[in-house]
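Below is one structure; the comments refer to it alone.
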Amino acid sequence: MSRPLGVAVIGYSFMGKAHSNAWRNVGAFFPQTPPVRQQVLVGRDAEAVRAAADRYGWQDSATDWRAAIARDDVDIVDVCTPGDSHAEIALAALAAGKHVLVEKPLANSVPEAEQLVAAAASAAERGVRSAVGFNYRRVPALALARGLVAEGRIGRVRQVRASYLQDWLADPAAPMSWRLRRESAGSGVLGDLGSHVVDLVQHLLDDPVVAASGRLRTFVPTRTGPAGPEPVTVDDAAWATLETRGGRIASVEVSRVATGRKNGLTLELYGDAGALTFELERLNELHLHDGLGGPSSGFRRIVVTEPEHPSLHAWWPPGHVLGWDHTFTIQAAELLEAVAAGTDPRPSFADGLGVQRVLDAIERSAHEDGRTQTIHE
Amino acid sequence: MSRPLGVAVIGYSFMGKAHSNAWRNVGAFFPQTPPVRQQVLVGRDAEAVRAAADRYGWQDSATDWRAAIARDDVDIVDVCTPGDSHAEIALAALAAGKHVLVEKPLANSVPEAEQLVAAAASAAERGVRSAVGFNYRRVPALALARGLVAEGRIGRVRQVRASYLQDWLADPAAPMSWRLRRESAGSGVLGDLGSHVVDLVQHLLDDPVVAASGRLRTFVPTRTGPAGPEPVTVDDAAWATLETRGGRIASVEVSRVATGRKNGLTLELYGDAGALTFELERLNELHLHDGLGGPSSGFRRIVVTEPEHPSLHAWWPPGHVLGWDHTFTIQAAELLEAVAAGTDPRPSFADGLGVQRVLDAIERSAHEDGRTQTIHE
Amino acid sequence: MSRPLGVAVIGYSFMGKAHSNAWRNVGAFFPQTPPVRQQVLVGRDAEAVRAAADRYGWQDSATDWRAAIARDDVDIVDVCTPGDSHAEIALAALAAGKHVLVEKPLANSVPEAEQLVAAAASAAERGVRSAVGFNYRRVPALALARGLVAEGRIGRVRQVRASYLQDWLADPAAPMSWRLRRESAGSGVLGDLGSHVVDLVQHLLDDPVVAASGRLRTFVPTRTGPAGPEPVTVDDAAWATLETRGGRIASVEVSRVATGRKNGLTLELYGDAGALTFELERLNELHLHDGLGGPSSGFRRIVVTEPEHPSLHAWWPPGHVLGWDHTFTIQAAELLEAVAAGTDPRPSFADGLGVQRVLDAIERSAHEDGRTQTIHE
Amino acid sequence: MSRPLGVAVIGYSFMGKAHSNAWRNVGAFFPQTPPVRQQVLVGRDAEAVRAAADRYGWQDSATDWRAAIARDDVDIVDVCTPGDSHAEIALAALAAGKHVLVEKPLANSVPEAEQLVAAAASAAERGVRSAVGFNYRRVPALALARGLVAEGRIGRVRQVRASYLQDWLADPAAPMSWRLRRESAGSGVLGDLGSHVVDLVQHLLDDPVVAASGRLRTFVPTRTGPAGPEPVTVDDAAWATLETRGGRIASVEVSRVATGRKNGLTLELYGDAGALTFELERLNELHLHDGLGGPSSGFRRIVVTEPEHPSLHAWWPPGHVLGWDHTFTIQAAELLEAVAAGTDPRPSFADGLGVQRVLDAIERSAHEDGRTQTIHE
């Protein structure tokens, strides 16, 4: 056999563009993955989605996602819509026997996420694969970090300090939008950026969060919308401390009003024998302190572009750095490898649900004066 | 008039050495301050304190702090002993009509601190001055930061992210000591490093903390003392979120087990028009984002060594950096200036008490599952 | 009209892969450029080039570059072979009326480069375009830097400090290769990395180099080849000071034995009103000192990902960083724009010749004890 | 026996202040050195020098340096005057049997320096010690660097890249001064900052420079003095490449017009097994790449404040950073140790002469179009 795997991407704005880029390029860098064909790009505006499909290398465009899913030449459905439609589309795709990739967050609520996990489990029995798009797991420096933690290079991790800071809402004059209304967005920065951080904490430590204490804040409570001033009903900053099953503590701070931070995801992991630090705006670097060198030890700036580093064999010679979008290409490759191997890819829908439960606990804690909430699996 | 002001320092180990250095050098750099004379260094071991006094430039040494305080030629008493004797010595010195500088933390408990504040207030009516030694207020970069905040260069501050991380207890084999027993030390890293951070938050924002939520952790619960394994009864890491009267939020993380961090005090202040960041291991630098430059804006690395920068006129030409110990010299100068001017120096005992109350609220919160505690003045 | 422009790339290893990536993606990010079609990838090994063509998205592969050039459906010939075949292929392509992009360096010698310039001038009269692939001009941070210099933001530039340091030959056990033989490689690190640096100096300042003094060194004079030890006949490090027509001085240091540097191109420009610094391993950042902020001025870290920054509108939101390979995509876009507009793209063959002449002067100086050599146009 | 060693400092401005600070503090940090007594500070303005002597802790002040040298209670003469009087004062002091410390540069010309070396050699036979004040050898990070090089931690060093950049003359409106006239200053930035760099290159490598090629430039050829516009007769920027006896190459760039650089001394050493980098504005840090960690190697940021690091036992706990002035205190301690031990301190006058000869060769080369000049010992 060997028809290429047909892909449909639902959504064609920011995430649709990033995912299209991944599907267009994955074969060039990961030739061992099964070949893919960019079958159809789906969106609501027929003309706009057709233009996008042309630009991004798609065979076809469409406005009806149900029809797209139903196509025989589509094997993989990649959901890049806003969170409130993730569940509906992904459930339909799984039911149609298509492998599914869902952009993060998996869903807007825990019940929805639970429903997706159940559907994914059932689909898996039929060989249908599903994954959620926490692309930062694919940053080579973070993949390297996870490996170093797993092999004990920094000893047993005790505490993690994490932040994800942006500033696009710092200006009080920034306008109202659907992202700032609870009914459409589900939550604010906690769900948007906090979900990445929580996933990374659990992923890097390989240890689930079991309790959380949190605080939310809306610094700009009213913004001007099309119809005048309107209340902002989601958080624009959030703080939490998380405790894992293994007894580690992670502190988390996320914000959309941190002036000067554009895409400021930072991580610090402190173990009993070393430490790791990372910042997304310098995503090709990892800083490792593992005590080597005795009194002349210190944090080592690793430029993560060596052929031995995760995924780097696929790209360029040492020192030729990758960008943000390459993480999606790696993500596509790992999904394709799982499909080819008949294994379940990660992060799974269950991973996505795990993140959702932690976010939910943080919100509950914030509404109870910070009291720590337990997370039930 | 014009006898130099006589100084007594009580304590001759780490802090005694740092304060001696300040008194020995203050006149060389701040010639406009009243002249001082290093009269007497006080410690419990007669031979050791005599040797220290010789090294550090003191006229005399002594073992009886009461007698030292009583000397006619002593005008300023500088208390560098462990925290559990601060109150007794400072109260005696104030009662004897001597100006008093107390190393931080002001005292080991809120009631002690309250007693000291009352005594200081009464002494102030008689022209007797008192101050607590939060020397990091004197880091020129932080003095500059406070000025920039006050003049609105980063707009109204919304959130602060602060940490103070060290690693001298990271190794589980590090031995038991008095600092790790609650009865002698009062608290762990929260009191030791957290007090600095809380003071800086309140000082930089000029806005008191009114509520706190916290978490404490002892990662290494047993350590080996002279008589074998012994329980560690204080925290070796602590986390808090603080809310100020003005509605700002500050997150705080302090640790003695953060492998690779030696003296890692970091501060990030985010305002609605800019941001400031600082790290103590590079104490001559301040990073400022104030939007200047339009699309080419960004964090500006200010080397805080220009003559216009706080206290810098006293030292060297631009680019000739200061060290950690210079902050004590500046602290001494500011105390002397207040004495000369007949004004009350800052940070005052009341400032020290304010810090103590915040630390106390964090501890209470930690014992109530993270529930936010209100701070009553 | 509107057949897409057909492209042929000659060469399919490192540079062929990077250029293929650019042609595959240029339309997705720069939709206003004329559409292109990846017609044919050319290489000497039929099987290998066919596999590469499949991976990289080419319609066809071929082993005969002359036949590829002659194809009616090929409009652009992109030469990614080693330097010793640049001239022959490019001349043939121009003669065939095809637009030509030649990887840097333009040629292995000044006479060859001169021949190419003449052919390009003659072709330009017939509307045939040519360009040389100094892709680092397309790093957005460097494009921004050039604009800032041009608009006087750092005043008149006086001195430039530049380096390009790698370490793949640091180990004396690294084997002999064609790159280390003068007859095949033309020169060593001077031609390879020095050409980038010299081009950037002239480009950023918009001021040609008119005199040069230099020094060359082969630190490892013998390496082991297939037939045993063999003399290394090119330089593995080089130094130069360059003087421009406008009287600026640039210092240049390039090396393949700078242990720890992977792709370490650094630039510092000092003007009478400010300065700029850049390093390629952090290619999304530019550091600008323009005196803004008065006594609180300093180097500003600009994250060059704002929509106002050069080429950034084509990519992602602020803070979502680009990688090394994106520079080739931008290069392809700018070539296509010139073709569409009927203008001559830059860097031109004349620019490439200019670089060659400077490199030649450095070599001559090195052979005359460092004596400064004048560059004649 | 045991009268403290009496010190006279000649000169009381910038360097006099820094050296006074060292003598005042050396005993507090280096108690094993022989005790010193700050006998007399010497300057031409009686009133000003008296005030300075009071501030800086001197017993006495004086205007006649000959008389000061002759005092029986003076054992060490520390020459902090401008370079044109170094020779005269130092020769007189040695003749009087006093140990001598001379600020760098040793002298304004090679012949003067040779005379001083001869006098020092003769004095040494009588147990009289002499040293030149290249204080940057005492930066703990650089002392550590030298040790690491000596023990082979970066293998055999091949190339060094060094710069010392300041900007106090960047503004063309900066006024004329004696430092910009050849007759008074001897040379420009080459002698002032270049001497530090050349000394460090030779010191860190323990390998003398034997050949040099150079270039000088005066970017602002006319400045306004008290009597109107006047020609600047010294260099304000200089470049050189140096070759050592052992075949290493060092590139040097020094400038007083490098806008944004305040005290920007940077060093990069590349060996065949590793590399070291340093910058003076962060003088507590050394970056070491020694290959530890295999594929996860990289430059390690060593915070040079551990008790095992050079001179650090004398100061504070780990992470408590030193400043620029501490280097002079360490310099004083090392001189005192040599005096006590009856050994010849380093850097010696011969070291100072060695630097002078290299600077002279650079100047000669600059006047011969960059032709390499050999340095004869």
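All chains are identified by letter, namely A, B, C and D, in their written order; residue positions are counted from 1 within each chain.
Here is the rule we go by: contacts are C-beta pairs under 8 Å (C-beta built on N, C-alpha and C of every residue); 3 or more make two chains touch, one makes a residue touch a chain.
Computed from a prediction, not measured in an experiment: that's the story for all the values here.
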Which of A-B and B-C has more C-beta pairs touching across its chains: A-B
Centroid-based (C-alpha) most distant chain relative to subunit D: A
Separation of subunit B from subunit C, taking each centre as the mean of its C-alpha atoms, in whole Å: 54
Centroid spacing, where centroids are CA-atom means, of subunit A and subunit C in whole angstrom: 35
Chain centre separation (subunit A, subunit B; CA means) in Å: 42
Contacts with 2+ other chains: residues of subunit C: 261, 297-299, 303
In the complex with subunit A, residue positions of subunit D that touch it: 144, 148, 286, 288, 290, 292-303, 306, 308-309
Interface residues, subunit B side, partner subunit A - complex: 154-155, 158-159, 161, 163, 165, 170-172, 213, 215, 217, 219, 237, 239, 241, 249, 251, 253, 255, 257-261, 270-275, 289, 291, 297-299, 365, 368-372
Subunit A-touching residues of subunit C, taken from the complex the two chains share: 14, 17-18, 20-21, 24-25, 27-28, 31, 51, 55-57, 166, 168, 261-264, 280-284, 303, 305, 315-326
